[in-house]
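Next up, some structures in structure tokens.
Here come two complexes built around chain A, the first alongside chain B, the second alongside chain C.
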Partner chain A sequence: MRSRLRLSPQTLRVLEAFLDDPKEWKYGYDISKTTGLKSGTLYPILMRLAERELLEASWETAEVGKPPRHMYRFTRNGLREALEVVRSRLKSRSQRTAFGGVKL
Partner chain B sequence: MSHARSLASRLLSALARMSPSQSRPWADAMLRELDFVESDLGALRWALGSAGALFRHSVPHLWRLALGKRVPVVDVTFRELGTKTTGVLSGVAYAGALLFICVDGLARLVATVFASSTLGRVPLVECSVAFALPEAAFVATALALWRRQKAVSTGILLAGVILVAHLIVHFSKYGWLN
Partner chain C sequence: MPIQLTFEAGVQDAQEYGSNDVWMVSRVFFWILREGAAPGDFWADLRRLAGNKFERFRIPLPAQYTGPMAYADVRQPVGADIEMDPVEVGAPVGSPLPLNQAEFEKQIVAYYRGLANESATMVRVEEGRVLEGGSRPSKHIRLSHNVWVKRRRVTL
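For the complex of A and B:
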């Protein structure tokens, strides 16, 4: 059985970047710029998400003479999980705000 | 192409060739993205970060190969193993750098102070600089890092043990403080 995905703040940032436009393919460097994560942090997250089949990766069909780029987007399962995670985060954040930061 | 960008490109190309098959597409992906990094230093930083990520991704696969796949494949365990290996290697590298600084400092000290004076060399001082000082720093750093970075601490202690073993062999061969 696969262990639960480790949801570090960096992983959340990556998920949120993909959620901006879930159907669109995204490139590694563009995600790095959007999230502010360095390649050494970003790629392990992308690798983990791809290994768990939450992301699908594909090589862009390149123009002649140009090497192809690797791009990523959510799988159906990935999108569902990401939405659940973000919703639960928002819910817990709003609860904390509503109760003035008191732990329930 | 600047030196920094060329170095970054060569580093990632070499890693892409050497990576195990599972990591190769990722290495190629990182290499392709390099063309889109605007600044040359940024490209070098991109390559160095990517090298670290590739190393961490490749270590579990290399372990799996080394163990001949006799161990049940549990991704999480192998990933932890990769992280720990990186940590231990970082510790050893830190210890090596510190030892180099101490030995280099000793060589300069001997060259400037003792060579020009009539005192001659003082083996106890040399031994303290080249051995006691780094060993004390190793132990202090390892203790300070133990809770947060156990793997790095282990690497530092490992280097300390190697240094002690080296000195024991040295002294048993050449005699005490010669």
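For the complex of A and C:
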């Protein structure tokens, strides 16, 4: 069984960007703009999310003279896990607030 | 005595160099100018270390290549920000001269960070093979053109 994916702040930003419109295909370039992550940071994250089948990838049909581009979107499992992560973080944040900033 | 070191190219986040679920491992290729040494064969040296990864790039030959080509691996935890988060540097392999490790690390990290963020075309993905360690064949993607070429000369 594979270990759980490391959820770095950057990985969380990527997941949140996909959650904005979870059923839509998105280009890496768009995710880069939304998250502020540069390609060298972003693509290894997208790759690992896809390896774990949290994202699916598809080639955009290329226009003549333009290279094909990859698009990404959540898999069903990916959406469920991303929502769980976000809920868990929100819960954790509210607990910290409720207990005066003390981490439980 | 100062050492003139030239970074030439690299491969980002490659499984063959050790990338996995925990680490992103990249390899940076460089060489050191050896005054008075016979000219080396740039492409033979690069192929010896990197196979055919750079064949499709028209790398201009350095004016005074003495070789040999050497490399060092750099790594970050998966999901790390290449620009901001710490980068670990492995020992240089194949260097003909001893290097000041602290200074070498500083330079290679600067080179690596700069490249990794320089261009959106540096890293490309394409439909790939079945992933190692996967449980079944899939239509997964995999970084396959994760190579960069950029010459940068520094003095240590």
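Everything below uses one rule, namely that the second predicted complex is superposed on the first by the 100 of 104 C-alpha atoms of A that agree within 3 Å, B and C clash if a C-alpha of one lies under 4 Å from a C-alpha of the other, contacts with A are read in each partner's own complex, and residues count from 1 in each chain.
Here is the rule we use: contacts are C-beta pairs under 8 Å (C-beta built on N, C-alpha and C of every residue); 3 or more make two chains touch, one makes a residue touch a chain.
Note that the coordinates shown come from a computational prediction; the quantities given were computed from them, not determined experimentally.
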item: Superposed partners chain B and chain C on chain A - clash or fit; value: clash
item: A:Y27 touches, of chain B and chain C: first, second, both or neither?; value: first
item: Greater residue coverage of chain A in the superposed arrangement, chain B or chain C; value: C
item: First (chain B), second (chain C), both or neither touched by A:Q10; value: second
item: Those residues of chain A which chain B touches in one complex and chain C touches in the other; value: 2-3, 28-29, 32, 38-41, 43-44, 47, 51, 57, 70
item: Chain B-facing residues of chain A, complex; value: 2-3, 27-29, 32, 38-44, 47, 51, 57, 67-70
item: Chain C to chain A touching residues, read off their complex; value: 12-13, 21-22, 24, 77-83, 115-117, 119-127, 131, 133-134, 138, 140-143, 146
item: Touching residues (chain side chain A, partner chain C) in the complex; value: 2-3, 5-11, 28-29, 32, 37-41, 43-48, 50-51, 53, 57, 59, 70
item: Complex contacts: residues of chain B adjacent to chain A; value: 25-26, 28-30, 32-33, 35-37, 45-50, 52-54, 56-57, 75-76
